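Each in structure tokens, the structures are laid out below.
Each of the next two complexes has chain A plus one other chain: chain B in the first, chain C in the second.
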Partner chain A sequence: MKRIFSAALVASTLALAAASVQAVTLRVSNQGDVQSMDPHSLNESLQLSFTGNVYESLIERDKKMGLAPALATKWTQTSPTVWRFDLRPGVKFHDGTPFTADDVVFTFKRAAGDGSDMKGYTNPIKEVRKVGDLAIEIETTAPYPILPDTLTTLAMMSKKWCEDNKAEKPVDRRKGIENTASFKANGTGPFRLKERQPSVRTVLVKNFSWWGGKTESNLDEIVFTPIGNDSTRVAALLSGETDVMEPVPLQDVERIKSAGSFTVLQGPELRTIFLGMDQKRDELLFSSVKGKNPFKDVRVRRAFFQAIDEETIKSRVMRGAALPTAEMVGAAVRGFQPDMNKRLPYDVEAAKKLLAEAGYPNGFEVTMNCPNDRYVNDSAICQAVAANLARIGVKINLQAETKVSYFPKILRRDTSFYLLGWTPSTVDAHDVLASIMATPNDKGQGTFNLGAYSNPKLDELTLKIQSETDQKKRNDMIREAFKIHQDDVGHIPLHQQALAWAHSDKVSLVQLPNNYMYFKWITLKSK
Partner chain B sequence: MAGLKTAFGAAYFMPALGAFPFDAWRAFCSDPPLSMLAFVLRRLVQAVLVMLTVAFIAFMLFQYVGDPVTNILGQDATPQQRLQLRSDLGLDQPFPVQFARFVGNAVRGEFGLSLRQGRKVSSLIAERLPATLELSLLAAVIALVFGVPMGVYAALKRGTFFSQTLMTLSLIGVSLPTFLIGILLILIFAVTLKWLPSFGRGEVLALGPWTTGLASVDGWKHLILPAVTLAVFQLTLIMRLVRAEMLEVLRADYIKFARARGLPNRSVYFGHALKNTLVPVITITGLQLGSLIAFAIITETVFQWPGMGLLFIQAVTFADIPVMAAYLCLIALIFVVINLVVDLLYFAVDPRLRVERTAGAH
Partner chain C sequence: MDHAQVEVVQAGLPGGPPAARRDLPGPAAPIGPAPGRWARFLDGDFWHSFRGSPMAIGSAAVALACIFCAVFAGVVAPHNPTDLATLELSDSMLPPSWMEGGAAKYLLGTDEQGRDVLSALMYGARISLFVGGASVLLSMLIGVSLGLVSGYVGGRLDALIMRICDVMLSFPSILIALLIAGVGHALFPGAHDTLAFGVLIIAIALPGWVQYARAVRGSTMVERHKEYVQAARVIGVPPLRIMMKHVLPNVMGPVLVLSTIQVATAILAEATLSFLGVGVSPTSPSLGTFINEGNKQLFSGAWWLVIFPGTMLVLIALSINLFGDWLRDALNPRLR
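On to the complex of A and B.
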């Protein structure tokens, strides 16, 4: 009897040991750390991507960036401004409380309230109503056809947990209130937060009671480490201390590929890099031309466009990791027009001629503002542009500086010529139209149209596009607006920079164009 | 003394020596000694002035570093939201008001919330302090344990091939930038040999508010590369200093007498010569400890070492003013305290100062 018992004990101990040996741990490193565990505190890709493994939204993106049901199983538009969402039954938060309509109503209130960085997504929403334990209605102030898209970034939180933990508001920096939700988490997602040491490591473990049941992932644990230094991040991957890392510095892509047993995954990102010109002031702030503004003349803008050798920027500056573009949105964004994606030809002679016609046969001098630590090789792009423009007689005084001083400056519109990158967070063309192309006003339109390009026809279309629900008509209007902008050369689009992730060959994963990394799609083979 | 000065002459260009208390050094060398109390008082007043100046310069610089408002609110905020946040953070008030409030809080160790992390700056720093101190102390130990014997060796076996090699290597150690040494070590020991980890602190043990990596093999493994990287510069400095001092001392009469009496070499070199070189070495090591803590930034960045330097760098890229202010003030404080202690030590260590004071010479 005793022997049987001890044999059973040994067997069970062995089984336990075997289980712990087999625990599959994925080690991920990134350039920066997730700022907070609170999914409403910061509207930034890394933040939303990481917390997106712990928290879930009503609707999510599938592997092709399409919409897929998540915490809502079904959504229908009952009137132009009212949407009904049926919630998934049987979903539990990590602490065991069931997910209900009350949590959804609470979440929207939280995301629209003080300290939230997600107000941009909740602004078009007038009211969120509970219509049953597992059903809600959302009413928008005006028809808002892209509501489902905006909902993909809004993570659902537990009302009870937030109240119990005094986390009803995202961290409030103004009043200096710390918030439990910034270092603990209670979501519904396939992974739970186990350990959080800011800028050291963050550990997620599998949620065995996830509503989705078995995921295609075999991961039990994810250890996320920020490694700021590029070389160290590459070294940690090559030495086998991490399994996945991003971003890969462009100069190291070849090295990682040639090391064997590693893969570099490069895909176009949603972000478009472009140049903007001050088209509002009657005299440029920083230019040799006095008494008039050369950028008001479309011929000058066109000359600039045609003088820039984007193909060479792609091959030399970006080492091939860029997709030259003629549009202000990338191919993955709704509203992208494949047939209109043709750049004006690179033609120095034509550019010179245009400049001469506009009255500047000898060119002129203008200051260009550029960040040097925000986008991939940003200041090198500006140097290349300056060299290109020198060939048509335009002398660029390049001011490249850190993003910390760059952004405040250009947001004050203290610039004549600048470089910027933009990711439409809704993955829809309207975002770019409203933020970058429409005439700036005090209602939040054209906030990042820093050169104040303005065309009333485009403004009118932008407003219509916002509330048009017929996809065909909507697309036609986007097309028309893009055409106007291209003809006006309102901005000079350059390229979509490439995302670059690297991982060991033991890993298989899915890279989304918005740079989100979902661990539920990652598997790790043992050797 | 000449030997020490030569060593310094060679070292003047090194940024790490910026913190050397030249005033005290001059006072030590030539000035008429003051009474102990007056001296301490004068140094204390100076310390306060230094701290205020550092606080002021830091604070003033931060006015131009960048705009935290854009960073906090992100790209989609409206101008009204920006204005509101500006006034909530007190950024719209006049400069003197902001500064006075800053100093008042700083004295209480209160630097507010980190703009980036939304957590108390004081607790952020307290969390990071152990990592930096552990790294700096170990680096100092490595520098001493290897630097002193190597310096002695280079002095005794002057002109031999091995000591020439040591001197040449030490030049490389002085001139190679820290980040390059770090990355080279990572390439060799982490990527190629796979002996040691390339980043982080590994397993740490929490002892109340203190965390230590010294309690586990894993922690030690993580500590080796960064500590060596940080130690290289100090090691070469100490080695050159010891060598120069030893050469000086070995020419002194009492060494000749010791030899004449037939004392064994070992006793002459280590019992008499080395002992007399150690006073300046200890002084410099003490001062350099401050530099090690302050200049661990680069090493911490390369090895993703979760110390204060990394915190500072992250704060800089985000214009996280409270963290930057707190870090600069803390480092200034460390330097001021160390300098003060060193100044006082001169009274304790050097008998000549005490004799002259009691005799009332000059």
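On to the complex of A and C.
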């Protein structure tokens, strides 16, 4: 009897062991959580990166950031403003409904409609037409050479599923509301959403009926856990509780490297960190200056720029892992102007003089908004900026908070002075011009120009750049627009932060410069 | 029979506090040349008990030292970490002065903004102690009065107050604090520093009063039926006076213990709220925010950013706790 019992025990243990060998689970941790499962509700890197494993777009990025066919197998420009896309046959959504041209038409409508944060990408599109079950045509209002780049960020959703779940419209993150698509997902991607507990964990499982067939990844399951505290996140990696984590706190890079069996991947990121100022209101919401807005004066903006000691921020706060920049895009972005990347000199005296000329010899007081869990050392950067500005008499009331409350606040433009980072998801300067620098309007321009910097000449150039097909002319216009923005000090660019991921040596993965993590390229050795 | 009752009834007799004497009808018993307050204090049980307890002396000394440093931070501290213009970013992350690479002017090293850790601790303790102390006092005030009334009056009022307590307890306290702080900030958007402190104190105090109310109510219900209370009632002492003069001293024991624990809790709650963006600004770090920041550096070897603020918090919390422990025994008539 006893023998039978122990035999059964051994057998069941073996069975269990076998089962756990079969299911390969990758445990990923990030500084913050994905805000929503809806790929259209927030145009933010982590959001698009994570949902990009569940949802797919017509065209995707390959490992070298080039374009690769995804849900569209082929695309051709039939006239300067019309593009034809042949859709991939045999693709099914996770709920089993086939993917057709109707879904594509629906998706574009959804992404262009109320509550969508992707309007900036659909804005140049005039019409999306179904020309067959598996073919569509996209007509743009004007020639739009970077349409394929734009399409990499627009994830396709199922018309039927969205209608069944009353999620035809994405919900506006600014209003803090949710719908079914915020916590459920039905994409075509290599992974399905299995479990969603906001701020706790999100679990993806392999989609066995993915059109791509076998992926190079051997993952069956991905458990994504937000761990806000830097040390805890590092500890979780070092103790083997997680396999991949990002971002690596800069102060811990050496520690992780020296632990053996872990790799730290550092590369330049496309994201530019910058400061924005409210230049629209006649009186700042949060400032000691009443009756006028000091940021409307370019001398004040320039004074702020020159008062910031970016080199020291780089060497101290960022521990060298940043590239100080004078431009709103990094070197890898199309349209970057190498010769224009010279920051205004750090000069406290000159800054004081500018402030005095503008009528603020004793400075003034203003509130600065800052996230404390979004970008690398974001809150520390803001503190350093506040200390820098104190030297020209500007008193900063720093309000640093978690991104969950920070983003809705600044997206409502409830701010006078803020810090933001921007990755041009099309890897093209036009994205920055249209989203950050152009005057905000309801057509998707300036959606992240939260201080409403405005220069009509730049707006005009942005529209032209959008449709210019001649690369030389286009680049010249980008130069001109960047020059205008620099002269106006529309924003204060600080630096491009370095990407830093860390993973255990069991993992092999691909790090893209836009900080996207695609699980289909990750393998986990069972040892 | 019960020592406690005898004791408290006696408190109304000569030798007790003058205020209590007035409750008694009839002429007061004659007393000799009254010794000064201070002399009476030095001669009293309280002082004797204090002098006889090394733990009390030690903890009071540490607590006083901490409070002194905090209150007079502006005079004692070598630097002013809240004056942003004096911070040198290039002096950031220096180890304590006795270590290699440390600078003599920064005894306990600097943090990542170049703030002197020693000065930041003193200034931070000031914020923490102020917020912690004020919010504990406030919640104690609310909680003890409601608990007394609830336990003494009983009936419907008791039921009402206790149901409010239940409702408060069913929410996590940090949630209530967030709500209050959020509303406070929404009502006074431009307000900073001074008002932010007020909001913060209320935000931490409001969820905290429930603990006191419950503890006091329980003890009050026990005391209410005791003979000394009934005796006081019979001779016509008004209810308010009975509560304040007779019941209150007998139920303060648990309150003192609670409040000493709550000071530490309040300091931590303040750190949480500050991290969430509704507390004090990171440019004037409290002890809690400082620990939180230092926590991030745990793995990178900058131990001085964790150990010193942590020690400071432990010292404050522990000394107040130990002192409170002794105070409870010293003030408890049952143990005298």
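Please note the rule applied: the second predicted complex is superposed on the first by the 298 of 527 C-alpha atoms of A that agree within 3 Å, B and C clash if a C-alpha of one lies under 4 Å from a C-alpha of the other, contacts with A are read in each partner's own complex, and residues count from 1 in each chain.
Heads up, the rule we're going with is that contacts are C-beta pairs under 8 Å (C-beta built on N, C-alpha and C of every residue); 3 or more make two chains touch, one makes a residue touch a chain.
Since we're looking at a predicted model, the values are computed, not measured.
Q: Is A:T426 contacted by the first partner chain B, the second partner chain C, both or neither?
A: The answer is neither, since A:T426 touches no partner chain.
Q: So, A:D252: does it touch chain B (first), chain C (second), both, or neither?
A: second
Q: Pick one for A:T122: touches chain B only (first), chain C only (second), both, or neither.
A: Neither partner.
Q: Identify the partner contact of A:Q511: answer first if only chain B is touched, second if only chain C is, both if each is, neither if none is.
A: neither
Q: Per the contact definition in the header, classify A:L411: touching chain B only (first), chain C only (second), both, or neither.
A: The answer is first: A:L411 touches chain B but not chain C.
Q: Between chain B (first) and chain C (second), which does A:T402 come into contact with in this model arrangement: first, second, both, or neither?
A: Both partners, chain B and chain C.
Q: Scan A:T367 for contacts with chain B and chain C and give back first, second, both or neither.
A: In the superposed model, A:T367 contacts chain C only, not chain B.
Q: Between chain B and chain C, whom does A:T100 touch in the aligned arrangement: first, second, both, or neither?
A: After superposing on A, A:T100 lies clear of both chain B and chain C.
Q: Kindly classify A:S239 by the partners it touches after superposition: chain B alone (first), chain C alone (second), both, or neither?
A: first
Q: Which chain A residues lie in the overlap of the chain B contact set and the chain C contact set?
A: Shared contact residues on chain A (touching chain B in one complex, chain C in the other): 229, 231, 235, 238, 402, 405.
Q: Please name which positions on chain A make contact with chain C in the complex.
A: Per the touch definition, chain A meets chain C at residues 229-231, 234-235, 238, 249, 251-252, 254-255, 285-286, 309, 312-313, 316-317, 367, 372, 379-380, 382-384, 386-391, 396-402, 405-406.
Q: In the complex formed with chain A, which residues of chain C make contact?
A: Chain C reaches chain A through residues 83-85, 87, 89-90, 92-93, 112-114, 189-190, 192-193, 275-278, 281-283, 295-302.
Q: Enumerate the contact residues on chain B facing chain A in the complex.
A: Touch residues, chain B against chain A: 64-67, 69-79, 85, 88-89, 112-113, 115-120, 183, 186-187, 190-191, 194, 197-201, 301-304, 306, 310-311, 313-314, 317-319.
Q: Can you tell me which positions in chain A touch chain B when the two form their complex?
A: Answer in residue numbers: 29, 35-36, 41-44, 117, 119-120, 171, 173-176, 178-179, 182, 197-201, 225-229, 231-232, 235-236, 238-241, 373, 402, 404-405, 407-408, 411, 425, 435, 442, 444, 447-448.
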